[in-house]
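Below are two complexes that have chain A in common, paired first with chain B and then with chain C.
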Partner chain A sequence: MSILEVKNLCKSYKGFDLNNVSFDISEGTIMGLIGENGAGKSTIINIITNAVHKDSGTVKLFGVDLENCNSDIWNSIAVVQADCGFPEELTIKNAESVLKGIYKNWDSGKFESYINKLGLDFKKKIKSLSTGMKMKLELAIALSHSAKLLILDEATNGLDFMARNEILDILMDFIQDESCGVLLASHIIEDMERICDYITFIHNGNVVFSENKDDLLDKYAIINIDENKLSELDSKAVVYTDKTQYSSKALVYRNQIPSGFETEKTTIQDIMYFYMKGGK
Partner chain B sequence: MNIVISNKDDRPIYEQITSQMKNMILSGKLEEGSQLPSIRALAKDLRISVITTKRAYEELERDGFIITVAGKGSYVAENNSAVLKEEKMKQLEENVRRLIEEAYNSGISKKEVKEIFDICLEEYR
Partner chain C sequence: MLGLMKKEIFMMKNSMVTAGIVMLILTIAMISSENAEIGILSGYIVAFTAISPITMIAYDEKNKWDRYSSAMPATKRQQVLCKYLMVILNIVILTAIFIALCAIKGETLIYIKGVTIIPVVMAITISGIELLMAYKFGANKARFVLIGIMFLIVFGAKIYGAMDMLSVITRNPAMFYIGGIIVAFAVYIASFCLSVHFYSNKDF
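Our next item is the complex of A and B:
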């Protein structure tokens, strides 16, 4: 079953259109939603979380149309953003008592264990927390009310390597339960790309692709050659070329490159870069 | 069991896993019948996608190295000597191919390659 199903989603703002966006998150998987700032990621998340109304299309959460979702479904979704909206003067302990009232599935034991595991302190005030700590607090909260769908909206930006790794571990822990899923939205996924099962790439409000990540990495490769040699390649084999004064680099279809050309493994970040640069 | 995932390795991650596991099974480091970590546990441990480990296990199963019992997990297949021998032959063939290519690139003739090969074979006996 799909945890989240987005189909032909459209939304128009002045100067921005979200066009027929479709993607799916199946149980037990992690979806990376990538695209540059302003590509439409946040609009999609706002529609999914019912903060913004869509113009057309359908969104289903755990098989239920967005319009028919009850509080049980809303309770099983957690959105983690870089900035938690708590009043600065509250301590983590105070914040927990507020949360207990909001979520009926609140698990104090679980929350405490995450707070300890993540190196947070109940007595600390929200205002004294660093960006990374706030993010970890958000994550601890999300994981303590039995959420089944975790949405991370640009949540790992600006976190240091250690914190990112801790978060990777938590996310992997989370999907050990096959009924859970993760939507990881970011303009920069770096090391997070490794744990993504699927990637949806949004560019100017359109889905460029929504595919199995391993298939994408199999399909594309990077080639570093001089321009003359590049022209020997079938133009159908070359997706995009990036030429600077002294070098040429191209994104190519791996299976259309004749032997004798040395190809390099690509990353999702590379693919995104070439698509955004565009132009052959 | 120890699996190394390298970014420098040009092979896709699932292939890095299958080749290392095959070697561990062929060398007996992973004994027949022993249980493998679950797809999700391995993905967590290696910090990689679940789909990637799933694909690795599927290929190992297809090639007869492991078996998966629904609801129980995956195990190293009972010693199927024919499968193991075939895999070893395949590896040998690849190695020989590489040697021939190396010889060809250095201008060593077919006849000379054969001679060297025969000498080494004799010595080994």
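Our next item is the complex of A and C:
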């Protein structure tokens, strides 16, 4: 079953358009939403989380249209965002008291165990926490009310390597429950490659692809090539050729390349780079 | 809803405690002075409750609470209702403190009624307008509206004459008190309905 279904989502701002974005997240999977700064990732998440009104298209959470979602649906969703969160004037203890009165499935025992595990102090004011600690707090909050869909928007930005890995490990544990799903929006490709099952790449408000990560990495290859060799290739096999003064590299469809060509493995970053340079 | 109210109480707790302490200190100063008119302190209720909507919404804007709370199991209506209830709670608490202080000073019931009801009516009306302005235009612009309202009150009192206004009220106080309360709550409820509409249609 799809936990989240986005179909033909459109939103226009001055100077930016989100065009017919479609993807879905199944139970037990992590979807990575990647794109450069300003691609539209946060706009998509803000629409899904009801912070922004869409112009057209449909968003369904657990099979229910966004406009008809009731408190039961919102009880099952948790959001972690880099630049907004709980009021900083409160202590962690105050925050828990507030959340107990908002979420019907709030689990104080689970929250306390996450706070202790992540090395946080209940008496501390949220504004005295470092960036990494605030993110850990937001994650502890997100995981303490039996959420089935976890949405993270640039949640690992500004964190050191250890803190990022800690958070990614928590996400991997979360997804062990096969009825849960995660939408992770980031421009940190290493995080995506490490834990995501599916990747949706957004560029200038358009979905370039939305596919299984392993299939994606198998689908494409990189070849180092000169002009003469390039002309031997079927043009339909080449996504884009990046030419420099001394060499050319091309992103190609692996299964359309003749056997004589030496190919390199691609990464998600390579695929994004070539598409952003002009690949079609 | 309980959680949202707790959040507002936690956020405003320090301001409320400060307001209570200021009222207490001023009352002690007034008690020690035979000629001081404690009724002036009721103006503090008006001033504090007029500023409190801006304070609450400014905190939310600073923390980007509106965007964060959009995915919570609390409707936009409930979010707005909590602010409106919090303002009424502020008015009730400060009025109760003020009445207690008047009683300590030995003022009569008629005096207490006279110096309480009109400021409470003003507090409800002004804070209703302030909340609506803050929801529509944001905390920053709502501050200018508040300054405008305060200016109008002072200007109106100067032009019409504060004593002339008081004499009109004292000719038929019951009518002004009851009418004032009805009008104040009508403005407050209308403000609430409009605030829900504006807040529900906002993008954060």
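Just so it is clear, the second predicted complex is superposed on the first by the 263 of 280 C-alpha atoms of A that agree within 3 Å, B and C clash if a C-alpha of one lies under 4 Å from a C-alpha of the other, contacts with A are read in each partner's own complex, and residues count from 1 in each chain.
By our rule, a residue touches a chain if its C-beta (ideal position, glycine included) is under 8 Å from a C-beta of that chain, and two chains touch if they have at least 3 such contacts.
Just so you know, these numbers come straight off a predicted model, no measurement behind them.
Contact with chain C, but none with chain B, is seen for A:52 once the two complexes are overlaid on the shared chain. Look at A:212: by the touch rule set out above, it reaches chain B but stays clear of chain C. In the superposition on chain A, no contact is made by A:65 with either chain B or chain C.
Using the contact criterion defined above for the overlaid structures, shared-chain residue A:77 touches chain C, although it does not reach chain B. Looking at the shared chain after the overlay, A:173 reaches chain B, while chain C stays out of its contact range.
Greater residue coverage of chain A by touch, when chain B is weighed against chain C, goes to C.
Looking at the shared chain after the overlay, A:226 reaches neither chain B nor chain C. Shared interface residues of chain A (contacting chain B in one complex, chain C in the other): none. Note for the complex: chain A touches chain B at residues 28-30, 165, 168-169, 172-173, 175-176, 178, 194-198, 212-214, 217-218, 264-265. By the touch rule above, chain B contacts chain A in their complex via residues 7, 10, 12-14, 40-41, 43-44, 47-52, 55. Touching chain A in their complex are the following residues of chain C: 1-7, 10-11, 59-60, 63-68, 70-75, 201, 203-204.
By the touch criterion stated above, chain A contacts chain C in their complex at residues 46, 49-53, 71-72, 74-75, 77-79, 81, 83-90, 94, 97-104, 151.
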